[in-house]
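Before I ask anything, let me first share the structure, which is written out below as structure tokens.
So that you can tell them apart, the chains are marked A, B, C, D and E in the order they are listed, and the count of residues begins at 1 in each.
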Amino acid sequence: MEEILKISKLSVEYRSGDTVAKAVNGLNMTLYKGQAMGLVGESGAGKTTTALSVMGLLPDKIGYVTGGDIEYKGQSLLKMKEKELNTIRGGKISMVFANPLSSLNPVFTVGHQITMVLRQHGHMTEKEAHAQAAKFLQMVGIPEYRMDDYPHQFSGGMRQRVGIAAALVCSPEILIADEPTTALDVTIQAQILELMKDLQKTMDSSLLMITHNLGIIAELCQTVAIMYGGEIVEYGSVREVFEHPMHWYTIGLLNAVPKLTGKRERLASIPGNVANAQMLPEGCKFHPRCGHCTKVCQTKQPEMICVNENHYVQCWEHGGNL
Amino acid sequence: GSADNPAKPAGGDQAASASSKTVDTSGKVTLTIGSNADQVSTLDRFVNVGYGCDDLDYLIFDPLVNSDHMGTYSPGLATEWTQADDYLSYTFTLREGVKFADGSDFTSADVAATFERIRDDKTLTDTGAWGDLESVETPDEKTAIIHLANPMPTFYDELYRVPIICKAALEADPEGYFLAPVGTGAFTLDSFDQLTGQCIMSRNDSWWGWDEIDNIKTNVDIIDYQFIGEDTTRASALRSGDMDIVLQLSADYKKDLEAEGFPMLEVASDTHIHIEYNCGENSQFNNKDLRIALSEAIDREAIVSSVIGNGNAATWPCPEGNVGYKADAEGYKYDPEHAKSLVEASGYDGSEISMVYTSSSFIRADEVAQAVQSMAAEVGLNVKLEPLEQAAFTDRRSSGTFDIILGAFASTAGDTQTEVAVIIGFDVFGSQYVNPEMSDLCAQVRTCGDKEERTKLIEQVFQIEMDEMAPFSYLYSPSYLCASASNVSNYNVFADGSGEYRFVQMK
Amino acid sequence: MFKKILRRLALTLIVLVGVTIIAFALVRLAPGDPAVQMLPATATQEQIDNMRTRMGLDQSYVVQYFMYIGNLLKGDLGYSFHFNMDCGPLILSRLLNTAKITVIGVIIALIISIPLGLVAGIKRGSALDTCATAFALCGQAMSPVWLCLLMILIFSVGLKWLPTQGVGSWKNMVMPSLCVGFAFCSLVTRMLRSSMIDVLQEEYITATRARGVSKFQVYVKYAFKNAILPIVTISGAQLGILLCGSMVIEQIFNWPGLGQLTVTAISSRDFQLVQSILLIVAVIMVVCNLIVDILYTFIDKRISFN
Amino acid sequence: MNRKDFTRRMWKSKLFLIGLAGILVIAAVCFLSPLFVQFDPLKAELTNRLAAPEGIFGGLSKHIFGCDPMGRDVLTRLLLGGRTSLLIAFSVVLITTILGLIIGLLAGYYGGIADLILMRICDIMMALPTLLLAICVVAVMGSSITNLVVVLSITGWIMVARVVRSTVMSIRDCEYVKAARVLGIPNSKIILKEVLPNVISPVIITATQAFGGMILTEASMSYLGLGVPAPSPSWGAMISDGREYIATAPWVVIVPGIALMLTVLAFNFLGDGLNDILNPKNKD
Amino acid sequence: MTEIKKVNKIEAGTSGQSTQKPLLRVEHLKEYFKIPSKGYLHAVDDITMDIMPNETLGLVGESGCGKSTVGNVLMRLLKPTGGKIFYEDKDVTKPSKKENLELTKKTQMVFQDPYSSLNPRKPIRSILSEPFKINKTAEGRELDEKVRKLAERVGLEPYVLDQYPHELDGGKRQMVGIARALAMQPKFIVCDEPVSALDVSVQATIINLLIDMQKEMGLSYLFISHDLSVVRHISDRVAVMYLGQIVEIAPTDTIFSNTLHPYSIALLSAVPKIDFEEQEKRIVLTGDVPSPMNPKPGCRFAPRCWMACEECKNKDQELTEVEPGHFVACGRWKESREMELKLEREN
């Protein structure tokens, strides 16, 4: 399979005043062509930060990439000039944002917000762009006549569909979806998921699905990466990871989810506090909350080890015989 | 100005270069005047209070009789006049060959129309002085006889302020006449902006007055008269060359403007700044000693020289040169020591004395008030300032609810004593001062036609006023300070504030 | 939309009735007999009474009010006894004068402040931002009296570039306009800067950039349209206030505008003129707000008009 | 925001610190001036009329900033005037803020008829410009410091009430207010304990900015002859009375002008600084 | 229908067969909001249900269907437009002041958004002392002690008491919210989506806490959520709401195994599942949530229902008991059952 996006040893910090938040810490990840990959992790794990770094959109003067590299088809995105980046953003790599309420500009018509992408990348005339945008809107289930409406005239689900249409309209090779359904209702969420599934298949683009809903990953993705404290702690095919989780965080996560079927057991919650990017612990980032923590966990960062070709994990319990 | 500007004077000093715009593109010499009078909204002098309208009316119209505003009268539209012995009728022989700006002839009918309007038109506001006007008789085209019901001591002083209007034009357009008046004057109206009061007039080359002896024909083609209320702005306008003459600046400008090469004109005014005591039963100033004390506490010279910068300190209840002025009499004194002892003796308890005044009524009112306050404090009088807006001030004064008032009155007719007689006699200003003798004298003054007799009467009034220190104690008369560009000469401003611009010359 | 505007106008009517009552009461509460103000100091009681009758002051307040309202309904704003003319044309021409300097001032202010505020907001913390902020603060700290006097000293007396006062050519308008515009300019600069900073933090801006739109375009085309919203509101309100005339500026530059007229009208107790000015001023404010609201609905469709 | 947080952010906000320091210094100098001034600020000393400044090196016994037209020391008057101006601004801001807060809180929290009437009153008042109303009211009541405060307060509270009202309306539906109601806490207590602390920061910001505005308004009022009556000085009155001398004795105007500007600046700094500090959007 | 599994946790909780008196009962509850110039928004339109002591009733439905409104009415935050509320058989629809105070002690609420449900300007200690102060149950030292105990009980460390809400994460805040409600020693708590803003791991903590507290204090919950798996986990019975009406109500296991109303079926199938063995075919509802403005008669779900007929569109559907304790408001529930089975077979 063709490697399309390769993130290696990426570190990102947010600096403001004296405080430094290490949001991403040496993250490695590879996305292949046509693949749908899930990125799971609790709030503050650094999922959005990773996505924004790929897009080169970390907030000015606050977010800094402090190490590592992001390569798109072998080209380093981090070293790229703004102008080149602009041709890639929206054209080759596009992104769907978490909150459909705030990610559409309230003072432009949805039609404009889609054609804007086409005008930027497709070198189309106004008319062509309009036709193309209409086509995509219809594809996501919004009739053409609503092109001239403003975002507030749409419901949340429709707005998110507009966001998806705008992201897909240039047939990007990579689609990054940052929690595209969190703000939506169950039934609407189902609509959006079906839509994304279909579109990703028909357009054969790669998908990076960011969420903390494990069910979505199970339905949509082939591979999954579990993120904790700004790094990937477990990685592999969805089935492998979900059925045989190895990292204690993954295990905790899976146990914490109430099931729709089967016996109703007491939920296993992960003790302790969510990792704070401003004061990450030494060693394994998860160790303060881990019931199986040993001395080495507290001092040394474990390596990512390969369990089998479909499963990698970063945990002392499985790595090295210390 | 254009390059071949004939009026451009040699030399490059500031003032001179400022006046380069006096000749406009058409080659006409234009004189701009910046006035601080209340802006006029019609050229009808009987509905406007203030000298602004007088200024304009003198240019556009002629009165029957001209005056130097000092008691000397010269022929205007009337070449000769006589008065009846009972002072109840005046006969005028009118000038021949005078034409109005619209080309019509000036006749006695116009005189009649002028005075009948004053008598009959109840919408006019400033006709109080003509209350005794009975009728105008016109035996022929060139004779007019004015009949009065009672003797009117100020007849001539009022007369020169009555512009003779054109009967035909007035009847043709009674509403619009005073917006575009037709007169016989030295200038004819080009435009009058009712909203700003700006008035542009051009010289009337066929004016009869140019041929009179002593008169020099002006070389100004156009006079542009504007109203600029703000002092600073007016002075700046002269400095920047926008204005050729600016009227009534405060004295502080004198030194600087003179240094910058602007000729100044300083004229003693008829305005009289005074302190009015509330002499009512319940007032502290019912006590004569306290009135005298306050008067003696005030260093009038200091106010004139330091605060105002020009003008004359009052020595007597009327300014020098006025009817009733006594040079040799013992007048106002400055004696703080004596004042202090009077205050102590009076049993004054140190309570607040409110001094009501309005800052807009005369130049530097605020500062004079503060000076008075601090001088009063020296002798132990605790004066509190109470500045009021004009309308509120008038109300307050007529209601008599005050301790003292810092006020001013300007005799627009140049004949102070009659107005004084009215004000004191009727207690118009609410001083509640009761003195039957004085009231009686005042009543006589008002109807006394004979000048000498009147002078005697008014002298008596003033003497009482001086002795009783009531109801007024006068402080000073300010001077009017006017400035012009260096190339302007031969204009004059009178004691009542109005000016003579008909013969002005521009180099 | 049209219906809504009509409804809004109906509401406005309530406000205007309130204004007429306040205006009517205020002038009558003020001490000072207007009839006396119109007459010389030595006027007799008969003259005063005569004047009072002419001015309609001999009627009861209720009658006076309803006569005033009745005349208003006939389109008659009353008669100014101080200016000896009808209030309607008087106010109109003064209003036009004020509008001249206001519009020019506001336009100049916008031309300066919009780019300045925009750049300051984008380049937050830069030297330019500091300058813009300093300028904005100065504008708000400067007393208008002072500003006018300094301007005259510099431009008229010193440099002799501009006439000191009065109406006439365009040159006369320069200084009053600048003075009118100055505070407004600084206000807009400051507001635009902060609203730009806010907008740039919004997610839709990131989203727009994620679509490959260049920074410049994002700022100038997209973010600007969002950032301008609060400016529209404040401009409308300010324009309303400015259109009512700046008394200080007009007085100093001898500019015959509405502000100067107001001062004169009040101090001469020209009742009908004061009432009508207050009414017109209220109408201006209301209309300005209405225009702002309509504009707003055009820029931001979220805001439903009501 | 709690106290700890506030202090921390406060120390980081240069604007706030400069503004606060400026105001403290100005206020301290003005209010302590009776301790060290050498001249009587009210008594005319006509011989010293418009005496030129002696410069800083002249010492306090000379006229550092010269004399005014009444021969009074400009510095002394400046300090006393500062007291007046600051006091006026302070009282007005205090009154309008309290009034605005009360009305805004009630209208915003209870809504309904009271709110409707209040908003119409606001509309009417908003339709009449402040200065205009002020002229009318001063004409009615005459000008004195108290009246000036009353006048400026009459028009000032509307702005505050509107700000408070809209903030309260957004807070009213917050879940913590609901929670308080569910706990059975009476409305009066909810307003005082739950709502008020949360509207106070926009109000503080509005108030500091209004402070500077009030000083300027007082100056404009003085120009129109509606300000602090003589001989008490205020900065506005000093500027407007001294304007005749701007060309001949500029110190009479320039000194109070600069003082006024600095003070307004300081208050603006303070307001902006507070805005930075209290606005959670500005992360440190 | 014989295949209905009966593994109910608490069988006594089911309505109908119970001999126990309900703790809370609402009858024909209505809540309309007047929208100026548009008409009435029927947020809650004729709801009848009861909650037994020590029972959890789950309330699910789409956003805007009126779940919170039900909760708010029960908490007397809104006055009902119509219908009656009984608490322990006493009509409390229009409580007197005294009754209100009594009710305040017995019924409490936990809110959805842990970020806005705590006053940002108060330290946690002060937030938690409020209930005691209101009841005047404790003062001074005793109050401190009680607050500390309370915090401990919900699993908050004592240091948290001196922190401000913004210093806490969502889970801790929600714990504070729960503690505040528990402080009044209530019998009944409305939990309005208490976990929907939280992360899975934190969510588990809170759910466990709620269950523990229920056991400990014998509480009843009205548990509002749109997350079916959570509802299933915590509830004894579940009511499904659609556009202001209850369309189905049944014991939890019944409703998940024997779903009858088409909307419930769709809702259930919409949940993404981590189940690799039986990947169900999903029923995706087309269209958006309709507006509750001035609804027309007829089944409200009909416009989105895949099996709606003419009759559905015109006739109001009554909530009827189709089996003991299982109520459905659908005239064609038998067919829908078949549809569901068919779908299951397809997989």
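In this text, a residue touches a chain if its C-beta (ideal position, glycine included) is under 8 Å from a C-beta of that chain, and two chains touch if they have at least 3 such contacts.
From a predicted model like this one, the values you see are computed outputs, not experimental measurements.
Student: Identify the chains adjacent to both subunit C and subunit E in the sense defined at the top.
Tutor: A, D
Student: Could you compare the number of C-beta pairs in contact for B-C with that for D-E and name the larger?
Tutor: B-C
Student: Take the average of all CA coordinates in subunit A, do the same for subunit D, and state the distance between these two points in whole angstrom.
Tutor: Comparing mean C-alpha positions, subunit D is 51 Å from subunit A.
Student: Would you kindly tell me how far, in whole Å, the mean C-alpha position of subunit D lies from that of subunit B?
Tutor: 44
Student: Could you grab the centroid distance between subunit C and subunit D? Build each centroid from C-alpha atoms only and quote it in angstrom.
Tutor: 22
Student: Using CA atom averages as chain centres, what separation in Å is found between subunit B and subunit E?
Tutor: Between these chains, centre-to-centre, one finds 90 Å.
Student: Spell out, as numbers or ranges, the residues of subunit E touching 2 or more other chains.
Tutor: Touching at least two other chains: none.
Student: Subunit C: which residues touch two or more other chains?
Tutor: In subunit C, 30-32, 149, 153, 157, 201, 251, 267 touch at least two other chains.
Student: At which residue positions does subunit A touch at least two other chains?
Tutor: none
Student: Enumerate the contact residues on subunit D facing subunit C in the complex.
Tutor: Those in contact with subunit C are residues 120-121, 123-124, 126-129, 131-133, 135-137, 139-140, 142, 212-213, 216, 219-220, 223-224, 236, 239-240, 243, 246-247, 253, 257, 260-262, 264-265, 268-269, 281.
Student: Which positions of subunit B touch subunit D when the two form their complex?
Tutor: The touching residues are 231-232, 235-236, 239, 250, 252-253, 255-256, 302-303, 306-307, 359-360, 366-367, 369-371, 373-375, 377, 385-389, 391-392.
Student: Spell out the part of subunit E that touches subunit A in their complex, as residue ranges.
Tutor: 9, 62-63, 169-171, 199-205, 207-208, 211, 226-230, 232-233, 256, 266-276, 279, 282, 284-286, 288-289
Student: Quick one: in the complex, what on subunit C touches subunit D?
Tutor: 14-16, 18-19, 22, 26-27, 29-32, 137-138, 140-146, 149-150, 153, 157, 198, 201, 241, 244, 247-248, 251, 262-263, 266-267, 274, 278, 281-282, 285-286
Student: Which residues of subunit E touch subunit D once you look at their complex with the stated criterion?
Tutor: 72, 75, 77, 100-101, 104-105, 108-109, 111-113, 116-123, 130-131, 134, 164, 166, 177, 180-181, 184
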